[in-house]
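Multiple structures follow.
Shared between the two complexes below is chain A, which pairs with chain B and chain C, respectively.
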Partner chain A sequence: MSKKVVLGMFAVVLVLTLLFSLTACGEKKVPAPDEAKQTEPSQKEVVINFPSIWVGKDSKANVFGSFVKEFNEKNAGKIKVVVEEMADYQAYRDKMKTNIAAGTVPDVFSFNNAKDSVLYYKSGNLMDLTPHMNGGWKEDFIADALKEVTYQDKIMAMPYEFAVTPLMYNKRLLDKAGVAEFPKTMDAFIEMAEKLKGQGVMAASQMTGENGWFSMLWYSHLLVAHGGPDVFDRGLDDPAFLEAAKSLKKLFQYTTGDAVGAGAAVAGGHFLSEKTAILVNGPWFIGRIEKEAAEGMYEQVNVAPAPTVAGGKGKQGYYVGFIQSSLAAAKQKDKAKEDAVAAFFKYISTPENVKRLSLDSGSLFVIKFKTDENDKMSHIQKQMIEQSSSAPSITKHFNAAMDTAVVTEFPQALSGMILGEFTPEQFVEQLKQKAAQ
Partner chain B sequence: MNKAMKNNLGIILFLTPALVIFFVFFVYPVFFVASTSLVRWDGITDITFVGVNNYISLFKDGTFIKSVTNNLKWSMSGGFIHVPMAMFVALLLSSKPKGWKILRTIYFFPNIISIIALSMMWMAMYNNEYGAVNALLRAVGLEHLQRNWLGDLHTAFPALIAYWIFYIGYFMVIILAEISTIPESYYEAASIDGANRIQQTIYITLPMLKGIMGTCITLSMVSGLKQFEQVFIMTNGGPANRTTLLALYLYKQMINYRYGLANAAGVMLLTFGVIVIFTIKKIFSTNKIEQVG
Partner chain C sequence: MNVELKGIGNSSKSAISMRHMTKKRLLGKIAGKTVMWCILLFFLFYTLFPMIWLVISSFKTNVELFDNPFSLPKVWQFQNYKNAFQVSGLAVLFRNSIVISLCATAFNLFVASMAGFVLARQRFKLREAIFVLLISGILIPVNALMVPYYKIITQIKLYDSIFALILTYGAMGLPISVFLVRGFMKTIPWELEESATIDGCNFYQRFFKIILPLSKTGLITAGTFQFLLSWNEFIYAMLLTSSTSSRTIQLGIRYFSNQFTTDYTSMYAAIVISIIPSLTGYVLFQEQIISGLTSGAVKG
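What follows is the complex of A and B.
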């Protein structure tokens, strides 16, 4: 084949490729079937697409599935919610992020309230729920929860699942070590840790693998203990970040030898097999304690707020809690569809339904509901609700409050500090560098 | 239309689909990554052009430098330990000792197991509390050597390298196949000339393997540059970023919504890959192989 022909062929292919890519980059969008008819009032059934993570083995799958079924039956012929099952949380997050960036937001979706969710609100692709909430619906919610999803005075999502992450302790192990009462101060905590160590038990499960979850929660508690509930408002320059780092480093003296590099499965497993006496985690772990813990341990697990520190600003009984998930919807031009989405949100957030979901799954919610003595509830969950209700403050955790780059660096900086690579000062500096990058 | 033109048209028609796919899925993404490495972009809000700032940030970031050096170590281990080991075993098996087929299968077996499963298994093996490695050390009276292999600043990276470097089956099979193509007559002639087995290996087999060794080393080193899953699962780059690699660094920038920085790291990864390929190609240029016989 002559050189000329090859070059000609190359040119044709290049032009085709460029044309293809330029078309793909263009602003013009083929209207979705729903958008095409947006000017006409909807006569036929409104279909709401909902990619959901509350499916399969998720603790909420059973009751949430019933909600969708009941709602569809109640609105037969008018509204239909179609669930797209997505059991992989990370894949779900990535997909939603891509959809929002591309402007192809699903009708309804859920997300966790990390600091970066503000990017979703900024995208301008989400439905403003304010007009619907103003009709009295918002009275059902804990007021602070609505603040979390408000951007430029607009309620951009419906806060839903709530979680607290207190200290879950194994009373059986504490009794063996001669500790009658769970310590309220850090000094007493260290004293208890020494006693436990004497019994061959480590005080707390820690980890620096994955996202360092359990240790990140410990750090969050210690931050509040040192800096008070508004510690995150003051940023990484606040001395509390350094003091909490020093306290956390000390706590690593009372954990298992594999804590550096351990993931949640390993560190959580140590608590379940009674190698450690304390685990900081949320209500979703209750089911695992019930099913997988050492024999007779479940009844012995109790909940306590984290200890305070001498001279710290955190008041006795403080809690770390956060909105675990919220639901948002795509901006709709079809009023009927917008109303249908709002109706679905209202249905799944009625106090009665949320109570059903909470009692069945063990999860907590930002929608207020009442329980009575006949309600079957785990004693661990009950303690969490009682203690969080009377907590002087509930502060979000470190990962929810900080920039994603800082969150990603946390386990690396922590392992460096524990292994002596960094001083606590350098640990904080490492986080600051990532925040500034 | 004459015959030559018809032939050319046929060639063009047959090649076009493959070329279009190549451009759309390989060439275009490379240009896209290169162009977006010059912007600040979170994937959702507007893009801002920042010139070479992302590259400056990369070279100021200690974690990026660590990623590059770790990648180089990983690639070198692949090229200069992993492949030579594969060659050594292939040479041994090529003489077809008793049970060589079983040994070949055993060596190849880890290649058909998922990397995730292998990584999980080795995480358990290296565990400080219940791992087999420490148990073995205890059993042979070397308790003082016990440690948290993946959680120690000094052992984490060597432990990661050590776990895969012995899985030589893939390259062993490739080299073994190449050895089988060397004409038997070369060895017969050498034997008549009085060459023993070692001399035959040194003067016939090894020179004939030069080409395939270049290919294996290239594949191994490029694969070393792309490493992600094992490190992501076993250490996530820790402790203290001691085991981080370029692909993991890139991934972390991406989940931090720093797509410009991630793509700048991607361009660097691509550049290193090209350098490695050209260097190996130069060193192992098959044109320079002296023909035997």
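What follows is the complex of A and C.
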């Protein structure tokens, strides 16, 4: 290709892109978080900037998008919620942390209730929702939900999405292996796993890649089975942490060969393609089972509480559950804006709206609502609600109970234990060292 | 007769042995070429396989992908490409990426060429210290600068504009660009500049008329690195923008990855689309890029 042609093409591309850029510059843009907060006078339309993860292909995206649209229409000329779409959750967390570090908290944002959430509360940059909640609004929430977001007697956020993570099992595969009932004890579970192995199916999906999510949930269940619902209160020195590690190591004998290093997509994919019979995960996975699982599998998936262990403190039917996400708002100097944010929170948390969101997405929420026979609810979601309602205890998962350093260490330490580099004792020791740091 | 026969016999023997040798050589050549081709084909396959896998996977359903990652799609899912454009607004993001990458590259080369010229061709105190200070930026992890960059961009009211990314990317790539351009400029003979000075060229003329044209190859190498940095960057694109009108294609690719689920096949379709400009750029400038990489620009 001659030099002139190359340069000519380059010049054309440059001119075209500059023309495009002029068009792009002319488009309306979202104000910076602090810009929106400080420059909008109260008598004008209040603009609420909301970076949201419930966008794109998220199961809540459609209905939540409708909430924003409806709210904006209802408050036309007075309040406008501008959604900043951020589908990637890790990126979202990084941006929120940077915003807070830079002192520019978005008007509204969501976060998961990990132990680090207290850092948000301590920052002094969040709006105190207590005066708004005292008007009867707090009655809509399930018991104890507000405790999770209360700091120094102030309600610093609105708890929203709730999650339980029972064992989802493929009944079709269990039937094939001659297992009539889902095992209630760990011994029966291992017996079932052997039978499944005989049929060429692995019992459960496990993973040590990413944050080791499915295996972390298994570990959480085993911790409650061994140490009871208050296991996290006693810390890593409790013998339950070691016993649960031993049990988890044993369970890895009944999983796929790629579990060490596998991510959620791979491990979840094994369940969907019937290579494994059990997956521990939350209600958000129901939609994927319905759309992506092997033919006829969705109807065959049921849920069950995790098995108990001989001599363990966990009672039959125990559940692992937690507040999955809460919404917080930036502290506002402008009273009109504060009221606007509270009005938006109230709108998205009315029992009617939460019901719409729950039925459409399959997710669970901490806001109480009633269902009737005409409501189309997934049988899996229904079982989760029924079982969690009658569970003797609901305990948060390991990641929600531990410091970030321990949570980050978990997948590496687990990989080491499964590969035989560490004993279960050394696995727990690794976690303790991180906790000490 | 005997002699003749002998002679004939000898010549035919030598002809036979020559033929034998030629055959041997031929066989050796064929064997050598076969080995060479085998090695070349292995590396071709090794290099192209991920790309071919990506393209094929972008036409599958997620179920097919998880069930058998190496199979061909039962039905070719062109819908994934439709999703890539419809769900994430890829067209606008694609356009933004082109504008931002080209402008950031132009800005970066403009500054790097001037800095490189002074640091390579002028003698002054602290020259080396300034150079080391400039290129030490290569060692600073990008994550460490998130808060300062965010604060600067919001302070100068460029948040959520393409200029925020043009400035940031242009600045981020400066250490490596200065390093490359200075290295290349140092290899240009001093006599050329001295002759230009004797002919009456001033400082600016020596830069624009002598050194800059001769540094074209080095500039293209630095420009290629800068373009790729701007095209592939994700963290700052996410941090410094909030609306589709100023976001880049990398954010569009992540649009298919949610808190708990990922639509891998649509994401792969978006990735395939995002690769096109880099490939086109390489096809257009491959001679300059290769000669830049081999003729001093990256030799320091």
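By our rule, the second predicted complex is superposed on the first by the 396 of 437 C-alpha atoms of A that agree within 3 Å, B and C clash if a C-alpha of one lies under 4 Å from a C-alpha of the other, contacts with A are read in each partner's own complex, and residues count from 1 in each chain.
Quick note on the criterion: a residue touches a chain if its C-beta (ideal position, glycine included) is under 8 Å from a C-beta of that chain, and two chains touch if they have at least 3 such contacts.
Keep in mind that this is a model prediction, so the values were computed, not measured.
With both complexes overlaid on chain A, does A:Asp187 touch chain B (first), chain C (second), both or neither?
After superposing on A, A:Asp187 lies clear of both chain B and chain C.
After the superposition on A, what does A:Asp58 contact: first (chain B), second (chain C), both or neither?
After superposition on chain A, A:Asp58 lies in contact with chain C alone.
Would you check which partner chain A:Val266 touches, where first means chain B only, second means chain C only, and both and neither mean what they say?
It touches chain B and chain C both.
Considering only the touch criterion stated at the top, classify A:Glu70 as touching first (chain B), second (chain C), both, or neither.
A:Glu70 sits against neither chain B nor chain C.
Between chain B (first) and chain C (second), which, if any, makes contact with A:Met86: first, second, both or neither?
In the superposed model, A:Met86 contacts chain C only, not chain B.
Determine, under the contact definition given at the top, whether A:Asp237 touches first (chain B), second (chain C), both, or neither.
In the superposition, A:Asp237 contacts neither chain B nor chain C.
Determine, under the contact definition given at the top, whether A:Asp375 touches first (chain B), second (chain C), both, or neither.
In the superposition, A:Asp375 contacts neither chain B nor chain C.
With the two structures laid over each other on chain A, which partner does A:Ala101 touch: chain B (first), chain C (second), both, or neither?
both
For A:Gly282, is the partner it touches chain B (first), chain C (second), both, or none of the two (neither)?
In the superposition, A:Gly282 contacts chain C only.
Which positions of chain A sit in both the chain B and the chain C interface?
Correct list for chain A: 1, 9-10, 13-14, 17, 20-21, 98, 101, 266, 270.
Going by the contact rule set out above, which residues of chain B touch chain A in the complex?
Residues in contact with chain A: 7-8, 11-12, 15-16, 19-20, 23-24, 27-28, 42-45, 57, 61, 63, 127-129, 148, 150-153, 156, 235-241, 244, 252, 255-258.
Give every residue of chain C touching chain A within the complex, in rising order.
On the chain C side, the touching residues are 61-63, 65-67, 87-88, 92, 95-96, 98-99, 102-103, 146-147, 150-151, 154, 157, 159-162, 234-235, 238-239, 242-246, 251, 254-264, 266, 284-285.
Given the complex with chain C, which residues does chain A contribute to the contact?
Where chain A meets chain C, its residues are 1, 6, 9-10, 13-14, 17-18, 20-21, 24-25, 27-32, 34-35, 49, 51, 53, 55-59, 84-89, 91, 94-95, 98-99, 101-102, 104, 264-266, 269-270, 272-273, 282, 284-285, 287-288, 292-294.
Quick check: in the complex, which residue numbers of chain A touch chain B?
1-2, 5, 9-10, 12-14, 16-17, 20-21, 97-98, 100-101, 116, 119-120, 122-123, 208-210, 256-262, 266, 270, 275, 403-405, 408, 411-413, 415-416, 418-419, 421-422, 437
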